[in-house]
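The first chain written gets the first letter, and so on, giving A, B, C and D; residue counts start at 1 in each chain.
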Amino acid sequence: MRIGFIGIGNMGMPMAGHLLKAGHEVIVYNRTTEKTKALIQQGARRAETVAHACAVEVVLTMLADDHALESVIYGQQKILEALPKGGIHLSCSTISVALSEKLTSDHVHRGQHIVSAPVFGRPEAAAAAKLYVVAAGDPASLDKCQPIFDAIGQRTFRFGDKPSNANLVKLSGNFLIMSVIESLSEALALIGKGGLDQREYLDFLTSTLFNAPVYKTYGTLAVEKKFQPAGFLAPLGLKDIRLALQASESLRVSLPIADLVRNRLLTLLANGGESLDWSAISQIPARDAGLK
Amino acid sequence: MRIGFIGIGNMGMPMAGHLLKAGHEVIVYNRTTEKTKALIQQGARRAETVAHACAVEVVLTMLADDHALESVIYGQQKILEALPKGGIHLSCSTISVALSEKLTSDHVHRGQHIVSAPVFGRPEAAAAAKLYVVAAGDPASLDKCQPIFDAIGQRTFRFGDKPSNANLVKLSGNFLIMSVIESLSEALALIGKGGLDQREYLDFLTSTLFNAPVYKTYGTLAVEKKFQPAGFLAPLGLKDIRLALQASESLRVSLPIADLVRNRLLTLLANGGESLDWSAISQIPARDAGLK
Amino acid sequence: MRIGFIGIGNMGMPMAGHLLKAGHEVIVYNRTTEKTKALIQQGARRAETVAHACAVEVVLTMLADDHALESVIYGQQKILEALPKGGIHLSCSTISVALSEKLTSDHVHRGQHIVSAPVFGRPEAAAAAKLYVVAAGDPASLDKCQPIFDAIGQRTFRFGDKPSNANLVKLSGNFLIMSVIESLSEALALIGKGGLDQREYLDFLTSTLFNAPVYKTYGTLAVEKKFQPAGFLAPLGLKDIRLALQASESLRVSLPIADLVRNRLLTLLANGGESLDWSAISQIPARDAGLK
Amino acid sequence: MRIGFIGIGNMGMPMAGHLLKAGHEVIVYNRTTEKTKALIQQGARRAETVAHACAVEVVLTMLADDHALESVIYGQQKILEALPKGGIHLSCSTISVALSEKLTSDHVHRGQHIVSAPVFGRPEAAAAAKLYVVAAGDPASLDKCQPIFDAIGQRTFRFGDKPSNANLVKLSGNFLIMSVIESLSEALALIGKGGLDQREYLDFLTSTLFNAPVYKTYGTLAVEKKFQPAGFLAPLGLKDIRLALQASESLRVSLPIADLVRNRLLTLLANGGESLDWSAISQIPARDAGLK
């Protein structure tokens, strides 16, 4: 397949690499061309403009936020203008439900297709082609994208025709991850203040009822206080919780744990945590409890 | 070993049964003798009074709450008076950290030993001898109790010399379980209000990052709305969250998710949920969101 | 003074009337001209377009939200283009801090002045010229606008040079009002569930420590359950709390009571409360408590 | 009237003084007799034991908490035994609803009367006989106690026959005061982080909608950071919020703002605030926001 790939960052880089390995023709575009070099060496072609990356069957976008995605969609020579009729925009970024809905409407109006397919997994999972892909869109487009999903991920979950469904699932998933960080942090503060060993406690939890990757990954980060280098930056965590809260506000659903997490992130960022991993919020309950 | 066993309820019954199967001599006491019949047929002896169950090396208590435990500890012919010097009180009930500390002091003052060993697992796990045992106390007493732990559980975790440590771990664990119920309920309300299928969503979660028993068990209860018969009654959930909050207050640690859960339970109980499983709090976010 | 007045709603109508009474020349503009009739009879002139209302020394805007204000600011023949150099835009709407900052920058760039002066008071206070005016902007412009403030309000409070300061004060003030509604609602639910008379309780509060208009006004609405006709609509309350939370997010300040109030409003709106007064959130703690 | 007075602290001292001035015969008892000296000089008689202070028509208790009150009620030669049939126990302490209910039952069982009459006001108000008295009990006993209320307070509010009603009102009142402190603290953090002057802001609030003593008193303490000497100690604030939460739990009512306040107090106490005024919780939102 001929695939445009826009957004070569920590996640996009390994994902594009897997597409090349799977035998696809990949035309890559990034705002700073520097980052595309390694892929060119692996056989990718460089697109000089967004438009060049759109002369394809599927153009995949993997960008940081709504703003970055909008900047390659709207305007002259941007995706909405450059993608041929019948072409598919495969949107993998973690964006707002509202933008996803707007994109869908704009693409359909142009006779283009859109599939939303955000992914779960940190950069290591992307490198190992072990991402979980959460996809939604019209069935024919989903089928056409399936080889892409197979190349980058270990499993694909489909959530119906409406592309924004996948974005809602992604945001709710990140919300649940942050709920784990928050609840673990509270429990660890309690246990630590009670004089018990936090590592033994975490080992107990993750050997029994809480035997899931998310508890191991974030529990270990919290106990070892390894917040740098950040796997996922606190400001991005705040962005995602904000998008979850925006979606919940539109749907008239309250998410009190999301409020809690948002406040932890604000406190972290107000006190110098801009460059830390989002799991650094675990130190706030500890500090409040007077734990050294 | 000669073991007294006080408290033959949903959990105590299978636990005592496993002790018999393991070849121990078991003397059982229950306020209502009716419940001891099945165990007598399996070879247990019946104690007519609490004191009779204390003429042993280890007396195990498995009761509903602080009040029930206090009623067999304090007073004439009760455990504190009847247990011989050097005897071990193996306290398996989910009780307050404060009572555990008081018991420890009282037993030590009498030359008796105390081991706290609350267990994790619902009645099915007790029946299958698959409980997780969380134990704390002096090492010699813990060693002496180990055959008991081996008979009833699949694994034992030791948390040091101070018996109340085990109670704190137990309470924090129940707090974490309720945190899972709460966060899942919020996410399910969001997903449901967004028009997605909650079952598919739960299947996605529990096949990926949240692949832990606690998400499967409680997610399924929430999605299928199976709150009767209750595996763990909402009023008992409220009791446990109250005990967690009491411990956190003594230690000067705030647990905002515990506050949230407590409020859900109060709302559930104020609206007729006395006989429901604690996971029925999952219906409150749904109701608030206007989901049918 | 020659004053343009854009936005003739429940608040704008009496405010413009007071300007006429004070002897000013007032040119009124409203999207639907119907609403300007009464003012024309009182001596106002009607502007056919936004631009016509800008051929003045001061153009005052009193609109529902950011969106409505932007629609009269940006574009051909709108305020930014039509207001003469040296002219003052007196912005009285409750808008976001972010829009206020953007407006300031845009006006200054054009050589125009901007004063932010949101007001406190419900329509009755506007009718009685008893509003409290919260103003910020450059001192010369504030001085020039003072006769306007004197005509519509009972007292003006100045908060410095930066126009958005006034917007932050306004949003924080509405947040405090909603905090009163929330805390009173919780206390009333407790008192009511305890079997006491809520009216007597409210009378006690407002005769003693809580002897302030806001407790009387909202306490009475809550106890009498008079939520229609709405003095201030619940969806507008949600808008204001959202703007307060946005400002707090930019400033990295957490406002947990604002989160609580936002969730009450979402629950109210998810359950049919679109046309009710914002104080109707008082019924949610009552419902949760099982009070009829 | 012949009145026993038990508990000569910051509040009890001026209250007993006013009873003497009003011409009553007052027999005072305090655990440490030192504190009764000044009253003896004003004409009071000293009771050597609790029992001596009970040979009266009305015995008034003004003690720190449930525990202190229980220690003068139960046991040999204590109030329950020593107060004559038909005598009135006038309970002015801030105690739990549960203890108030237990006391009522115990007194009635002995043919004694009980009136609950906690008061609102800090020591200055007690000195000026300007307390607000919140009273509940059987009408005849209330009438009999009215001269006492008139001597110590500026106004009495009656809340029915059930003595614990008055305790619930008192606890809910303290909860509302703490809600004011919390909401003001959040708003002040926002305003301060936004670069505005907190004093001007507070002046604005208390000159307009929030023109109530409670906003002035606590807002000034928060802005001036005057937390020592404490008018009301943080640990006592925690006690009162705990009692409010206990009452709300029994009644199945959730009080999320009380949870917030409780957590602020725990954080304060975990970080060295034992000797500060409860309004010192106002510094926590400021610290979280990174305000110096």
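A few points about this structure:
Note that in this section a contact is a pair of C-beta atoms (placed from the backbone, for glycine too) under 8 Å apart; a residue touches a chain by one contact, two chains touch by 3 or more.
Everything numeric in this text was worked out from a predicted model, so none of it was measured.
Chains that touch both chain A and chain B: C, D.
Farthest from chain D in terms of Cα centroid separation is A.
Put simply, the C-alpha centre of chain C and that of chain D have 38 angstrom between them. Averaging Cα coordinates per chain places chain A and chain D 53 Å apart. Those residues of chain B in touch with two or more other chains are numbered 193, 248, 252-254, 256, 263, 266-267, 270, 288-290.
If you check the complex, the residues on chain A that touch chain D are 193, 263, 266-267, 270-272, 288-290. In the complex of the two chains, the chain A residues touching chain C come out as 238, 242, 248-249, 252-254, 256, 259, 262-263, 266-267, 269-270. Listing the residues of chain D that touch chain C in their complex gives 97, 120, 132, 134, 155, 157, 159-160, 162, 165, 168-169, 172-173, 175-177, 179-180, 182-184, 186-187, 189-191, 193-197, 200-201, 204-205, 207-215, 244, 247-248, 251-258, 260, 285, 288-290.
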